[in-house]
Amino acid sequence: MMILQSEVDITVRFSETDAMGVVWHGNYLKFFEDAREKFGLDYGMEYLDVYAKGFFTPIVKSEINHKTTVNYGENVKVQATLERHDAAKIVFRYTVWNTTTNKIAATGMTMQVFMNAETRELELAKPEFYEAWENNQNWINE
Amino acid sequence: MMILQSEVDITVRFSETDAMGVVWHGNYLKFFEDAREKFGLDYGMEYLDVYAKGFFTPIVKSEINHKTTVNYGENVKVQATLERHDAAKIVFRYTVWNTTTNKIAATGMTMQVFMNAETRELELAKPEFYEAWENNQNWINE
Amino acid sequence: MMILQSEVDITVRFSETDAMGVVWHGNYLKFFEDAREKFGLDYGMEYLDVYAKGFFTPIVKSEINHKTTVNYGENVKVQATLERHDAAKIVFRYTVWNTTTNKIAATGMTMQVFMNAETRELELAKPEFYEAWENNQNWINE
Amino acid sequence: MMILQSEVDITVRFSETDAMGVVWHGNYLKFFEDAREKFGLDYGMEYLDVYAKGFFTPIVKSEINHKTTVNYGENVKVQATLERHDAAKIVFRYTVWNTTTNKIAATGMTMQVFMNAETRELELAKPEFYEAWENNQNWINE
């Protein structure tokens, strides 16, 4: 599997905790989003670049596996791993570390597709600009 | 002051609580939003009606005064009071009751203005459709 | 598979939409939470009942599969299906309908475990009160 | 008025935008929270320090005044200004800049009080540890 990787440090907000005293499970999807943003910044493929080319890339599937909790006052680091696929989809895997405890807090994945921003129809093939970008990256053989 | 009033019951979400075990203070603005939605439904002036006429009504000012807390498992009722003003602004006052304790949890206000949805410019006068709606309501003299 | 089912209607908040004009994908986990709450109410097994017995039931796994979007002004209905398992885990499946378009917006699942609220340690066997509750339900053979 | 100031840069999340394409107004209270956190870090008075001394400092009042919008892809800087008061309250003023447009997006304020973490009762006088901290700061005469 050919991959690209990026990491982001996130300061956990008090408002992201719940009455159990830990980060509410659904907020990990915000952490995944932060990691995709940072990835886009690192590799020159931001949401607004994609939009400027006439596409949205909505999430069609997401998964989170929680391993340990993150308490208020603890922070996280998220590693995003983009997998290279032939199909017209964008698949990221994530690892969320609790950087205070040095434990893995969660792992997860998201799958995105390409949608024509105007017609809101699914694109069955990768857009040209995206393939060009893919061909330009230094993929790692995992 | 001429007013119109509406009420909505809200089931508090676990994800809306914080590590202090109570509803996070910022979430009251979501309760205010729920109350405006219910008001719009009750009086025939929903966001999408406003948008269909070519306007947004962004919030330009909001205030919350917290009196008591709302714990997880407790629910709230919000009363929204629309004030009639000559100026081109929409002013709501809110009272949030904790319906479990029968105490007032918070009071607040929001002010909205009219913005042309296309140009995103501020409207200095009330849109005609809105004035027509105002003239059609049974305002209460508070 | 033996199951129990419950349904809840949810009014989508404006604040739950994103700049694509649709409900942000992560907010479906809040809809799942609403559905679990309603299930708990319908079947007499609420979070606070579980907590009163000395347990938390944290989410350890969640999945969402998005089929169609939910726009602002559209509402949703969520059906939660509890699966009966021998192991000490709580598995719900969800179907989210866009009630305006009558299309399925998403499906998903969550898995919860039992954790001792005091020690925060995982329970390897179902707590007695939970087994008693299970034995008392009218499960449907799916 | 004697004051202390701190600044924080915030990357706006896609999930923080709404269907109008801009940051949802209520999310500014999260930006204020980020600014208080950064202030606490800068001046050695974090939430967990306060909690370790036996106190919560719940928000009892908040205000936001919106000046211009923040679109997705734009980021913000928040300046928090702590005012020194004789009374047992913590008053912050905030200025949120859209760092992309160099315009002020919003101003605001929050007021917090001291609450005994155990009894959840209001403290009428400033806790000793907090007065000691105040006396130790290099306040600016505004």
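Things worth noting here:
A, B, C and D label the chains in the order they appear, each numbered from 1.
Note that contacts are C-beta pairs under 8 Å (C-beta built on N, C-alpha and C of every residue); 3 or more make two chains touch, one makes a residue touch a chain.
Because the structure is predicted, anything quoted here is derived from the model rather than measured.
Chain pairs A-D and A-C differ in how many C-beta pairs are in contact, and the one with more is A-C.
In this assembly, the chain whose C-alpha centre lies farthest from chain C is D.
If each chain is reduced to the centroid of its CA atoms, chain C and chain D end up 35 Å from each other.
Chain C has its Cα centroid 24 Å from the Cα centroid of chain A. Note on chain placement: the centre of chain A and the centre of chain D lie 29 Å apart, centres being C-alpha means.
Residue positions of chain C touching 2 or more other chains, listed in rising order: 14-15, 22, 26, 29-30, 33, 72. Residues 11, 13-15, 29-30, 33-34, 37, 46-48, 72-73 of chain C are the ones touching chain B in the complex. Partner chain D is touched in their complex by these residues of chain C: 14-15, 17-19, 21-22, 24, 26, 71-72.
Note for the complex: chain A touches chain C at residues 20, 22, 25-27, 29-30, 33, 56, 58-66, 69.
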